[in-house]
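If you scroll down you'll find the structure; I have some questions about it.
Per-chain residue numbering starts at 1, and chain names A, B, C and D are given in the order in which the chains are listed.
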Amino acid sequence: MKDKRINKVEVKNLTKKFGDLLVLDNVSFKIKKGEFLCVVGPTGCGKTTFLNLLSCLCEPTSGDLLIDGEPANPKKHNLAFVFQEPSSFPWLNVEQNIQFGLDIKKTRQKDKKERVERIISLMGLEQFRNSYPHQLSVSTEQRQVIGRAFAMDPDLLLMDEPYGQMDIKMRYYLEDEVVRLWKELGTTVVFITHNIEEAVYLAERILILSNKPAKIKEEVLIDLPRPRDVADEKFVKIRKYVTDQIKWW
Amino acid sequence: MNKNKTENTLLKRDKWKYGVIIPVLTVVIFLIIWELMVRVGVIPQRYLPKPSELGNVFIDKLSNPRPEDSTLPSNILSSLQVSLSGFLVAVVLGIPLGWFIGWYKGINRFVRPIFEIIRPIPPIAWIPLTILLLGIGFRAKVFIIFFSAFVPCVINSYTGIKLTNITLINVAKTCGASYFQILTKVGIPSSLPMVFAGIRIALGASWASLVAAEMLAADSGLGFMIMMGRQFTRPDLIVLGMVVIGLIGALFAFILSKLEKKMVRWRSIK
Amino acid sequence: MEKIKKRFISEIFYSILSLSSIILLILGWMYLASKRPELFPSPQETWDRLILFLEKPIRRIPLYSHVLDSLRRVGIAVLLACGFGIVLGTALGWSRLVKSTFGTIFELIRPIPPIAWVPLLTIWFGIGEFPKVLLVFIGTFAIVVVNTAAGVKMVEPLSLAVGKIFQANEFQMLKEIVLPASLPAIFAGIRTALGVGWAIVLAAEMLGAVSGTGFLITKGMSIGDTALIFICMFIIGIIGALLSVLASFIERRICPWKTDR
Amino acid sequence: MSVENRQVKLKIENINKTYQVKKSYFTAVKNVSLEVYKNEFLVILGPGLCGKTVLLNMIAGIEQPTNGKVYLDGEKIRGTHKSIGMVFQKLGLLPWKTVMENTEIGPKLAGVKKSERQKKAKNFLDMVGLTGFEKSYPHQLSGGMKQRVGIARAYTNNPDILILDEPFGQLDAQTRYSMQDEILRIWQMQKKTIIFVTNNIEEAIYLGDRIILLGKCPAEIKKIYDISLSRPRNVMDSGFLELRKMISSNMDLAV
């Protein structure tokens, strides 16, 4: 089916050098509005640098990143980044944490309240509303961080292996939840993971990065119906294919 | 299931035994030994008063201004007044300065050289110069205490800001927060535990340098009182002064730790 | 290329900034010296006074031996404080019985600021060498004990579990796991003790001494020789800084595994 | 591991553990009974924080059970035992000791002569491929290498039973897969009984002869699976995937 959604994010010949060490080599691709894109690649192939560039945390050596046609700028555009390490603010309770991004953007009080309530109800975090991060389990804390990112209704939501530490049952639950949030809020998501099964389970499209210096090795479109079954034979075929492309072990 | 009840009550009895009974016992024994040593004459009377004497010296001193013509309450009041004013000024100036030095490179490079020259000089070394400049009145003592409390405040709030978790800063950055916004929304809150540790050290330092200041250049206060105790060979007055100084110091520390628990309760008790 | 140039310029800007602050300090000093000459010696006068002092000792003791006297007192006291302090600190941290007996007395005495002991010590021992070293010992001993006890208490439960799994007995547990793990905290204590010790020896000397930096500075005060006071404060500052450098140097030698994480 | 010649190496009989938090009691482990056979690769699988580690600590003797007994080769033991070694999730390497000093700690505490224990330690360090790293400190090693020191250290103490508490939880995917093959290789070579704890189903099926599935907190045994897949196992073959689907449907969702 021809994807008629407009381009939200455009990356043109993005290159990054640390001194003379080339980390990202002339990467170009487009992301549609509301698309769920997964990026996989061998460990240490520069995935994190790739994300830091997309989130404007560091300047590219050359090439540019456009959101809705203009050069990306955290102050003007609405970017959200879910880091791999725990990133909730210990001194804020769950509600204040979710509201953090909106406070920075100085959104109107009415909108802010309404959006935070929506996320809390969507993710079923009512009972944790007033508890502090150190009172939460690892999974609840990570869900709150993801809630904070979605609450900003971002133009681009970047997620760096958010479920790395979770056991498989919790991981399935969280993956279903992120798909539900993505569908409900229509956010454009870039999801980085080393777990290929997770990528095939979540993504509409997978970008496979080569080893360092990272280039885009291949794009794989996934048009399986949702919710996808990990043991389904078409699913396993795609998973095998992507694994062979990476061949890191 | 009653088995685990006994195991836990055992635990509770232990806590009671080690936490209360033995400490109280030790203090009583300590006082008895002290009393006997002085009574028997192992330690001569003019060196150390008997604990029992301390009781009536305390009551007597409450009203009797001799020998340094100021009663115990007025000494305590003047000491508190001096040390708290010096301490508060140091906290109000020191902590924000530490934050800014830690956060803005410009301020850091401008202020640090002067701060690094002054820092190693202990507060006591400033007393002679202060006396020459400000005499031995209230202002001189307050400056000495200010200085002794100022340094720990700056150091701890500076270290606190520097230890801010880089991931939290990046979260704020991607949300488009300005550099100052990140300072107020992320830097300062995450530095609070260190800042409180700094305040505790500053309070201890100001209380200690108060005694030094009052012994070298003062006409009232607890330090002055024990100094006079030496001049008039009144060991009971000296020990009374030391006990009162110790008690107030411990009281300050206790209040501060309770305040910290309340103010920074989000900190998990890791 | 342009990025590196930008960083180079900002580097220069920052070093100018710090240089200017030092120049400002010196200018301020000169201005004060010109306004209140009787209180503030000009840098020139202070330098001449230093040369004069190097030639003509005070009370037949040259400058450097005054400083050495003070350092000797601090050195002996801190060494003793470390010896006894680490032993008591470990015992306090490790055994509940010691904590509830000796720990209680220690907690009773600790809040009394070291300088408050001066009058009592003067009555007991006069103003000779011994009371000064004892005073510095009292001040630094408490710090070493507190830091050691804290270090012993904060040993990772995981390291203790390793000890248990490999059947370490009580003594081995202390020697192989508890003490090495609390070395960083002990060194933090030693570094603070050196700083505090240096301050207390000055106080002790100011309150009655015939030699030492503290004595010098009080002498300067009594005869209104502000230049001498300034010299002493510079020396005290420099030595204070050197002591903390010395402490961190020893720490790096003894705990090579300690990266500045 | 054929069924007949299964000889019981370690037995635990309704182990319980309750903690007192202020006024209320919190049960971490509720009467677990279990038999571990000689030289088997037993995997204990459970969701997130379900008291697995507490159960493990009680088997290893680091923690005392509120009630219940532990039998080794038939006789009752209490506290840690020479022939039970352990590899910790957070590594537990002593940062102030070099790799060699860490590895030889077992025999050293037992009073074995320096030359002899260093020879043994060197042999196991070579086995896990850490030749030449004897003098470096733990903070200079990568995650995978640190875990290898943990394994070498446990083997140097020559235990009959080796307990591993989610040893690869902190490693990235690539190192994790290679460490799984590594532990299998050492297990087949060194013939020790292994008790391996994990929250990852794929890892459990890949490694285990038997899988003990624990329920949500408090830890109690839900189901025991005998894994008869031939070794080396392939994560993506149909038998493996079927087994995984079955086990994951029985597994509780950690709160």
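To be clear about the criterion, a contact is a pair of C-beta atoms (placed from the backbone, for glycine too) under 8 Å apart; a residue touches a chain by one contact, two chains touch by 3 or more.
For clarity, every value in this text was computed on a predicted model and none was experimentally measured.
Counting steps between touching chains, the shortest path from chain A to chain B takes 1. The chain with its C-alpha centre at the largest distance from the centre of chain C is A. The geometric centre of chain B is 49 Å away from that of chain D, both derived from CA atoms.
Taking each chain's centre as the mean of its C-alpha atoms, chain A lies 52 Å from chain C.
Averaged C-alpha coordinates put the centre of chain A at 34 Å from the centre of chain D.
Of all residues in chain D, those touching chain A in their complex are 47-49, 169, 172-175, 177-178, 199-202, 236, 241-242, 244-245, 248, 251-255. Within the complex, the chain B residues that touch chain C are 14, 18-19, 22-23, 26-27, 30, 46-47, 105-106, 109-114, 116-129, 131-133, 207-208, 211-212, 215-216, 223, 226-227, 229-230, 233, 235, 238-239, 241-243, 245-247, 249-250, 253. Listing the residues of chain C that touch chain D in their complex gives 158-159, 161-162, 164-169, 172, 176-177, 180-181, 183, 255-257, 259, 261. Residues of chain B that touch chain A in their complex: 167-168, 170-178, 181, 185-186, 189-190, 192, 264-268, 270. Contacts from chain C toward chain B in the complex involve residues 14-15, 17-18, 20-22, 25, 39, 96-97, 99-105, 108-109, 111-120, 122-124, 195, 198-200, 202-203, 206-207, 214, 217-218, 220-221, 224, 226, 229, 232-233, 236-241, 244.
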